[in-house]
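Both complexes below contain subunit A, partnered by subunit B and then by subunit C.
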Partner chain A sequence: MAALRLFARTRLSTLVPYYPGEDRLPSGISPVIDQIQKRWGTYTSSPKYTDPSEYTDYEVTKDPKEWEYVERVLKSKVIPAPCLENKEYPSGWKPPVAKPHDYPYYIPRTKNYMQPVYLEIFHRGLRRVTIVRKIHGDIWTLESELKEYIEKRVNRPIGIRTNELLGEIKFRGDYVNLVKAWMDERGF
Partner chain B sequence: MAGKQGKDLALSMLRTLPRVALNNIRNNPGANKPSKRGRGQHGGDKHGAGNKGSGQRQNFMRTGYETGNNPFYLRFSYEPYYKGHHLRREYPPLSLQQLQMFIDTNRLDPSKPIDLVSIVNTGLYDFKVEWKHAGVHLTDEGVDNFEAKVNIEVQWASEPVIAAIEKNGGTITTAYYDIHCLHVIKDVDRFFTTGVPIPRRLLPPSDCLEYYMSAETRGYLANPEEISCERLVLSQKYGYELPKIEDNPNNEMLTQRKDPRQLFYGLEPGWVVSLKDKAILKPKADYLKEFYSS
Partner chain C sequence: MLTLRNIVTKLQIHSKQVTYCTKAIVEQTSPTISKRSYEDENYFYQRPREVWLENIDTVERKKLGLVFLHPDVYAASPRIDIIQENVRWQRMYRFVCYAHTKVRSEVRGGGRKPWPQKGQGRARHSSIRSPLWRGGGVVHGPRSPTTHFYMLPFYTRVAGLTSTLSVKLAQDDLYIISDLEIPSNEPSYVEELIEKRHWGPSVLFVDTDDIMPINITEATDTIKHVNLMPVYGLNVYSMLKHDTLVLTERAARLIEDKILYHLHRPDSHKLMSKFKLNQQ
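Let's look at the complex of A and B:
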């Protein structure tokens, strides 16, 4: 690219301006280049396409029926809100029915209208941790109730870590389905 | 002075000690590394090279040589598991359970044909063209709970999946998209801002041409009459009564198909879409029309 610029310039004097009384540039000042750089790579600057008649002819349509097809393939700017009607959905998805003050605690849905329960697998698949996020209100009541619910079903004590500040609880082991079933019972 | 203890002693010592200044600072011990190694009595010994052997003489064996053993790198025969990996396509799975959930949560509209564009636009399908992802493999997980009636176009589908969709009165097509089209599909909004004409779809390569031409897999290049015959055969094999699409009020939507050269429903290859002007530019030249339609 540097070589291209060197060949593109017309005269050397256009590149380095003349300072009277000094035989060389003052140190610390880069030379001012007067010549406007010409881009050789673009297609508008190439000599072949300077004349618009060289372009292919086209017609412009603003048919709203055709534009519907364009809008159909564009990505939605917002996440579409689902029908929150309380009924049975074939996929097993349930809309949130609990209100914030029904229980001493509250778990809102995520932006995707799903329950904020996640499974984290690490140490090359040796460690599985269930994470419940976005817990509001009395996290300790929720922890004791969930602990009782899970331990009754798996029939062994489980490790729990509660972070009140972040509003999240981590269970040692994969209890995602159990936690989701418990949340479904309460309508979260 | 003698009576001072602890904090007081330390403070009184600090008062009498010299300040840290340029005239009394020096490097930490070991911070300066001499540029020459010492010889003889000036620290000259083995210099880390050890005593005797290839370490001292610096004549190391060639890499992998095990002093006469059968070397590890030659011990096992060649097993080219990843041969041609740069040409192989990958179809990330999408289960019928997920598809049903997308429809339940209003992410996909079953009243319109579902294709790769609409699935990618949900934002919930992991699709990376640079990882050789070539489209949707619809899997049979959640086949018992699938109730939607859809017109879906996927890239790979198994027989139970086809049966599950046709049992509900829907239709399924398997279609191939080449890499140029996949780059368009992965971000359609960005593509329309580039001012490039919509590309034409290329025909499938020889390794999957048979799949997309066969009526059993509902290929998009198969004969429609053979497909309707295969629909009946599959319903008898799986033991369900095939709902008639002709009687369906959504017949027009369910039978809508793309041209093998077409990328988007309703938009032809060669057209340029201007999102700013909300206009579509269509080329008039005959040679362009011929190119994009063939």
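Let's look at the complex of A and C:
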């Protein structure tokens, strides 16, 4: 910070120590400092764009064909839709196959085209909770079916918390892969 | 001169009436079906919400068509907890508490030791303004000004808007009109309109721009419970404060566009970081 303040001085003379031979301000009068502080942390304090001749040449065009190349560089405003064709993908990702009213319940994909199943770890890694979100329709049927599926595979009863208003089910324990496998079977 | 003016005004009135009639006939023959295609429409569990498109240029209600609205925005889960969080945030972030008490150093006097430390048989005291004394300073009292500014997480604010819009629509408190043009600038016209449509008593009209038609601006100027608002000012508190929310069709579409953009934008992680006052 101190270094920044030193560089922020506009005149070097204020930094140079006083030598008796030089013409300097009489002692007792402090030197005039034009600028006390300059914020270098922001680009707004850099000099403004003035003369276009100093920069690369450009011409203004309104050709829609050329604009396509610009659009390719611009950031997309939505997440681009992946190929939703139902086949094997190297990543293991599966497209949603189920239609909204195939089952009494429905779980749409997230905006990233992923399944809304998450693992939450808290209490210093002592508790693991699997969360299934974005559930529409009959959440209680879904809960009982998932419960049966998971309990069959882990051979023990599991704690479940269902919130109908939020459309969310929480399983006590890490069953993310089991839930995802179940969803893949159904095509969610 | 007077007669000439009379003739001119009468002509104007007649010409207006004529155009008005033709307009009405045209609208009757072709109802507008305002429907959009969405990228995720194959994955809707709920069907798009259907709302009548109404007019306000006559007191009588005319159904001009039907508007289909995105279920993620207008049929969201009625999260009253999120609505309450939003209302609390809107009340608190602008609230500055001016309650103030003085600490012992600020209370006048008390510089002198009231009596010697030892020998009097009395409790030791160093100042008459000590918090133990009556009329002394206050410990941990309210200090002015206390700001209560905080930011609600971005997506809680978005969910507040969708929840409130959905609740309003589900409770039959949201209406969609074609535009804000009314034939008269009399407040009585707006009052009659609201009475006839069973709206209100308090009504919030929302349009895309902040420059509204002159007639409705003049007519609602003196009625304090009927307000106009642009889309950029729409908020949970105002929607709840007014009994009825009346959107123009383009306003409803703009709200939908903006909220859907935020629900699907790829750079949402930036919005979810901590809010800093100096966001350079």
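Note that the second predicted complex is superposed on the first by the 114 of 188 C-alpha atoms of A that agree within 3 Å, B and C clash if a C-alpha of one lies under 4 Å from a C-alpha of the other, contacts with A are read in each partner's own complex, and residues count from 1 in each chain.
We take it that contacts are C-beta pairs under 8 Å (C-beta built on N, C-alpha and C of every residue); 3 or more make two chains touch, one makes a residue touch a chain.
In this text the structure is predicted, and so the values were computed from the model without any measurement.
In the superposed model, A:106 lies in contact with subunit C only, and not with subunit B.
Once the two complexes are overlaid on the shared chain, A:165 sits against subunit C while remaining clear of subunit B.
Greater residue coverage of subunit A by touch, when subunit B is weighed against subunit C, goes to B.
In the overlay built on the shared chain, the residue A:140 is in contact with neither subunit B nor subunit C.
In the superposition on chain A, A:69 contacts subunit B only, with no contact to subunit C. Of the two partner chains placed by superposition, only subunit B is touched by A:93; subunit C is not. In the superposition on chain A, A:78 makes contact with subunit C only, while subunit B stays out of contact range.
Subunit A uses residues 75-76, 79, 81 to touch subunit B in one structure and subunit C in the other.
Per the touch definition, subunit A reaches subunit B in the complex via residues 56-63, 66-70, 72-76, 79-83, 89-93, 112-113. Of all residues in subunit A, those touching subunit C in their complex are 41-42, 44, 75-79, 81, 96, 99-101, 106, 108-109, 111, 136-137, 165-167.
Listing the residues of subunit C that touch subunit A in their complex gives 39-40, 42-46, 77-79, 261, 263-267, 280. Considering their complex, residues 97, 100-101, 103-107, 112, 117-118, 121, 123-124, 142, 145-148, 187-189, 192, 264-267, 272-273, 275, 277-285, 288 of subunit B touch subunit A.
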